[in-house]
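By letter and in written order, the chains are A, B, C and D; residue numbering begins at 1 in each of them.
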């Protein structure tokens, strides 16, 4: 079935241009979500050989638990965003859905593929469609954000291609499993690894590479902000993880710890002083990705579990906050924090839960993964725990800013929020509370992914053995 | 399951305390302004000062050096690209050191 | 092989300089194109073989093919990458047109409304 | 534009299309294929847009038509994949469409790709000319 995933998405994207019916794109993205969900419950590693060629020569898709986990987050967020934008995007909706289908194609393709050049192609599909989505409104802010993202993103993916070229020149293969057998830790390989990791850091918005993200999110439609902060960030972290996995370098990684700590603190501090709410949420997303990168840098299984769990929780929380704030903006039409008063009890409750969960207040889901990160970092160095707790406190501080702007507003706007915009918010809120109260549900999802990450041999034999 | 909840109270108190400290520290200056108005308007109805969310953390912004971090984000594409290339160089050097 | 490396080094330096130092948005896109061409050159030179034949397989002599032909895979990769670069350039130039319409200039230093 | 360019365009336009489609249709046998062929076809439309203006080009092929072509190509690709994976596998209709062409899958992929490239480039040309 997996072979037809990309076909369905691309065909529906181009059908949207010709026929202009929204339900095609919605059906395609929901269908892809259910496909990934079915994939997630498979027990063994799935290898799809395109055109029947055996792995070192042909293109394969290889889905282990880690892929399926990240793919589930991506497809879930994409389908919620699709439902959300039925009413949120008011004009030229067929264009929006075309680009959204292509972006989902790119995200899922990068996530599920087992071939490094195929990954680059999907990476570019993702990049180009997201440049188009950033420029969607075609006004001043959108164009400015779009060209900044375009030049930075294209330079980053060119450097990623350079890394792939070096890898191909050194080993003569493009398959992940085959590469894992052939790489060594000499200097040339490390240059290639650094270039590819840099390209993914740009997508995940790790700190020296993060500058496109607030500018791009300030110009985009708000559903895209949700997708950038959740799915694209998760994908960037996945890319870093997969490359380190292929190179067999998943032990204590000082680079990721330093980058992650800087990202965590800088993102949180910058979010503290923002006035525009979209920009604040963008910086907040950067800060949360910092936690994840720091946790996966520890190289222990506790660290991986904490990091992957935080990817899941960050997706839920940041999606919830972006969509809830999007509802507020839908009614008031203002993006500044001090003009966001609204009279809608459901929305206020959902936003409050989102803010508290982001700050890591028990018994919500943000607390669980942050607690795991603190525990994992205590084993490495107590200093990191202190820094992480400081960043958490700053998170609560800027959360309070959203709180006070929503709850203590002087003027409150009236308005009716469409049901299709409210439903994703409520779904995400319920998930936040459920995962917070029963943390072992989330752990049951995360633990197979960690096991898959620690078992390199399984991945290689599944691809190359049993031709 | 139990181990996640054993430090429930401690974390909660810590978060709320730190958040409150930052909140109070941030809004101190704005409150001082308000009081000044009260003192110097002699019995007349003084203009109401509304403390919005954008001047919540002005003191922290001035004192913790966040303004310097904000100044790095100049909004110019060339500076962004230079930072990005610097990041690539740093990542390359660090990966080679591993 | 040496010519390729020298050309590649020159192209990469010119491209990076053009992307970073030039203020004009269109010139930045040109620099991006030059830099991508450097990568294409590097990629296609990985399949190079001194005195190799064109990689067209004939069923009778697979051994001859494997011994003498150049590696066909980088050529396919470069073709794909060229098409991708085409679409990036087209999108970038259309965004440049829109940027000129909004800001009345192509100078990226003056388009810094979003910051902080 | 002046009368020379208009007259030459009128004369040369069918031949440009012919060259483009011949490159597309011989893609599996000769150098070329979908991308160069599609670019040649699109260059024919670009020539019309230069000579007769955007109005003249839109009489030939409007933006709606281009989108329609893209949708048709998408359906064609879907049909091709269904044919390859179900009909050929289970029904057993091997050897191309009634054994007529030498390599039907590559040929149909070429045609689909060529039409897609053509429509994308025509759209880009229209957008740039409109400015």
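The rule is short, and it goes like this: a residue touches a chain if its C-beta (ideal position, glycine included) is under 8 Å from a C-beta of that chain, and two chains touch if they have at least 3 such contacts.
From a predicted model like this one, the values you see are computed outputs, not experimental measurements.
Put simply, the chain closest to the centre of the protein, by Cα centroids, is A. Our note on geometry: subunit A versus subunit C, Cα centroid distance of 28 Å, whole angstroms. The centroid of the Cα atoms in subunit A and the matching centroid in subunit D are 37 Å apart. With centres set at the average Cα position, the gap from subunit C to subunit D is 25 Å. Taking each chain's centre as the mean of its C-alpha atoms, subunit B lies 42 Å from subunit C. Counting partners per residue, subunit C has 19, 28, 87, 108, 111, 113-116 as the residues that reach two or more other chains.
Counting partners per residue, subunit A has 147-148, 151, 155, 214-215, 273 as the residues that reach two or more other chains.
Counting partners per residue, subunit B has 70, 73, 75, 77, 81 as the residues that reach two or more other chains. Applying the touch criterion to all chain pairs gives A-B, A-C, A-D, B-C, C-D.
Across the complex, subunit A is touched by residues 1, 4-5, 7-8, 11-12, 14-15, 18-19, 22-23, 26, 50, 52-54, 56-57, 60-61, 64, 66, 69-70, 73, 75, 77, 80-81, 83-84, 86-88, 90-92, 94-98 of subunit B.
The touching residues of subunit A, counted against subunit D in their complex, run 3-4, 7, 10-15, 17-19.
Remark: subunit B residues 70, 73-78, 81-82, 85 touch subunit C in the complex.
For subunit C in complex with subunit A, the touching residues are 19, 25, 28-29, 32, 35-36, 39, 42-43, 46, 71, 73-74, 77, 80-81, 84, 87-88, 91-92, 95-96, 98-99, 102-103, 108, 111, 113-116. Within the complex formed with subunit C, the residues of subunit A that make contact are 117, 120-121, 124, 127-128, 131-132, 135, 138-141, 143-148, 150-151, 154-155, 158, 161-162, 165-166, 168-169, 172, 174, 214-215, 218-219, 273-274, 279.
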